[in-house]
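These are the structures, in structure tokens.
Paired with subunit B in one complex and with subunit C in the other, subunit A is shared by the two complexes that follow.
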Partner chain A sequence: MTLINENLVVLGLEASSKEDVLTKMASIAAQQGKVNDVQGYTTAVLHRESEYSTAVGFGVAIPHGKTDAVTEPFLMFASVEPIDWAALDGGLVDLVFLIGVPEKEAGSTHLKILAALSRKLMKSDFRDGLRAVKTPQDLLQLLKESDIGL
Partner chain B sequence: MKVEFTIPFAEGLHARPAAELVKICQKAKCDIEMTKEDITVNPKSILGILSIGAGKGDQISVELNGEDEEQIAAELQAFFG
Partner chain C sequence: MKIVAVTACPTGIAHTYMAAEALEEAAKKKGYTIKVETRGSVGVENELTDQEIKEADAVVLACDTTVPMERFAGKKLVSAPVAEALKGADAMIDKALKAEPYGQGGGKTLADQVADIKEQKSAERKGVYKHLMNGVSFMIPFVVAGGIAIAISFIFGYNAFEQEGSLAAYLMGIGGGGGAFGLMVPILAGYIAYSIADRPGLAPGMIGGSVAIQLNAGFLGGLVAGFLAGYIVQLIKKYIKLPKNLQGIMPVLIIPVLGSLATGLLLFYVIGKPVAALNAAMNNFLTGMSGANAIALGLIIGLMMAIDMGGPINKAAYAFGTGTLAAAVGTGSAVMAAVMAAGMTPPLGLALATILFKKKFSFAEKEAGKAAWVLGASFITEGAIPFAAADPLRVIPSIMVGSALTGALSMAFGSTLTVPHGGIFVFFAVGNIPGYLIAIAAGTVVTAFLVGTLKKTVE
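For the complex of A and B:
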């Protein structure tokens, strides 16, 4: 299972708000056949955001929504200009990892992806690397080299 | 002191439960380490909590060391209870 590919990486996504970021990312996921209902998926992700911000500190957010609008598990990455994400630490977000998992797999698959990403995100080298990549291929290479286990 | 818990949350330890747990741990004066199997993390960080990937029914142990450890242990008991 390949969770992420270069079509699921967007560097310098232009967006005016958190909602805009998520809507655009969901549309791309749908174009790639990972989501069969953009509206349903976006609504699930935004609902989740409204309960608690998915910003995890260090300028990173890991939004997600569990819904059957997702056809197969995927991970998507976007870098954006620093944007308000209602983070608990008050900081802005410029790196976004969007996780999509079908509802029936939500418990185990979602936790596994989230845990693997979180372990890497604690390391400043990894975060610096994410901010330094110039192409989607570089990003995929960084994930591969970091032995993230996805 | 060391206390053990079983994760009661249907979706596992992320989202709201993780945010509430980090809040309890961040206000603690004592040092806290949280362990699941062979992974030990600092639960004063949201990334630390997320990185253990604890699902419903998983066992975690929490080691507390400091002046308010008993009070924090009681709060954790209520949180996971």
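For the complex of A and C:
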């Protein structure tokens, strides 16, 4: 199962707003064949975002969307300059995990991984590790070692 | 300290689990033990057992969706959105430990508890049952208004409404087929479709309901029309995609026209006639039924009304009863009468038991008994739930026997009713009042003595 690969990791993504971050990440996901409709997917994610912010505090946001615009489930990571994301704790966001799940997805393996990742994000040493990585390979290694089933 | 918690959110991809983690961390820091049930996209994980809930000092709910609540009755409980647990899991746990017990006690009266239980039940309704009950609940006020107007018209004489320009005629105009009773089936169908497909479902559903009336398919036809319209609109919404700048005409043009035509034509050409035949057969069966068959039906209705006290089985019997009203304008429905009588006796019987067998009930139950008189007299069967919840194995069989007796007697005496609700306040709409009163009194007394005999003395 390849939920994430080094092409889906962007360190130091340049973006001006959360919409900009999401559009740019969605375009990369589309280049990797994970998304067939960048606008449709971005809209779904922003719609979810409008229910309440996925910026859960500690500088982390985990935007996600379950829509037909996703061709296969994926996980994407980007680090950005601190940006406003209407976070619950009022802080800025610099770590973004973008999640895509096809509408008709039946299997639950990837959902279990995302659940485990969500739990892991609540731990400060894991977040510190994410901020310290220098290359996409390091990030993948960190995720592998974190024992979340990737 | 032991804490149990539930986390849930609509998408259930991340926040459910983050909230769980936050609660676990916060509890660990305080040195408390905690178990968190997660209700996310993977399904229910780490489900709480009754034993764990029993042993817990407090319950924390961080949920944006409805979760089963009955199991937490009597526990200190705090409930908040998922986001709250991410922000302040620590504070939530503190708050829970100081919270009021959920449900029973907590200074709430029996009537409040019953209202809570009813609200919770309607929130938990799902799927077909939820759609059906949505239709029925919107229909009831029409049936009540119509039934009572017709009943008053009959006070002037059974045929008085045939005199043009008389008050009796106007009352029949308000309540009868040209007024409230004529709206009954369209409203039922319309709001079933509304429940399935939201607002766009309403017009095709109501129109389908009027087609059902034209086909003489009655209540049953209304049910079919409502579900048909609802699902047809769902299909239209799913498969007809217009360009963005034309999307505005979906709700005002495409859905009403296509939905109504599809529903109506299907009813006229395909489904309507068999349903009408079935409806006629059912009505003939009911009106022709007498003697032992009628008594057996009354018995079954009684058992159904009492077994879950306002739950799906009770509501199924109730919906059946209101359905028979549509075909019984003028005569009143014996089935409806049995349904209401059997639904009144459980709280009445329990109320009587608290007076006759004082030693078998706690002080709180005796107080609740006073309210149970009122709830029973108003035909709110749910009034029995707090008693049944405390001692189900002794209370439920007792009220079932009492209600079965009442249902059977009501049918045996040939009592009828022209309205679907109201308890003693609509007794003027009952045919054969003496028989009806005997039926209710008998069930009440039998319930009281059974409960009194079976229950153990309170220490």
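The rule is short, and it goes like this: the second predicted complex is superposed on the first by the 142 of 150 C-alpha atoms of A that agree within 3 Å, B and C clash if a C-alpha of one lies under 4 Å from a C-alpha of the other, contacts with A are read in each partner's own complex, and residues count from 1 in each chain.
In this section, contacts are C-beta pairs under 8 Å (C-beta built on N, C-alpha and C of every residue); 3 or more make two chains touch, one makes a residue touch a chain.
Fair warning: this is a prediction, and the values are worked out from it, not measured in the lab.
Colleague: Of the partners subunit B and subunit C, which touch A:L111 in the superposed model: first, second, both, neither?
Modeller: both
Colleague: For A:Q32 in the superposed arrangement: first (subunit B), second (subunit C), both or neither?
Modeller: In the superposition, A:Q32 touches no partner, neither subunit B nor subunit C.
Colleague: Can A:E51 be said to touch subunit B (first), subunit C (second), both, or neither?
Modeller: A:E51 sits against subunit B and subunit C alike.
Colleague: Now for A:I99: first (subunit B), second (subunit C), both, or neither, which partner does it touch?
Modeller: A:I99 sits against subunit C, while subunit B stays out of touch.
Colleague: Given the touch rule stated above, what does A:R119 touch, subunit B (first), subunit C (second), both, or neither?
Modeller: After superposing on A, A:R119 lies in contact with both subunit B and subunit C.
Colleague: Name the residues of subunit A shared by its contacts with subunit B and its contacts with subunit C.
Modeller: Of subunit A, residues 48, 51-52, 54, 56-57, 62, 66, 88, 108, 111-112, 114-119, 121-122 contact subunit B in one complex and subunit C in the other.
Colleague: In the complex, go through subunit B and note every residue touching subunit A.
Modeller: Counting only subunit B, the residues touching subunit A are 10-16, 19, 45-48, 50-56.
Colleague: Which subunit A residues qualify as touching subunit C in the complex?
Modeller: Result: residues 48, 51-52, 54, 56-57, 62, 64, 66, 88-89, 99, 101, 108, 111-112, 114-119, 121-123 of subunit A touch subunit C.
Colleague: Tell me, which parts of subunit A touch subunit B in their complex?
Modeller: Subunit A reaches subunit B through residues 48, 51-52, 54, 56-58, 62, 66, 88, 106-108, 110-112, 114-119, 121-122.
Colleague: Would you mind writing out the residues of subunit C in touch with subunit A in their complex?
Modeller: 10-11, 13-18, 20-22, 25, 38, 40-43, 81, 83, 86-87
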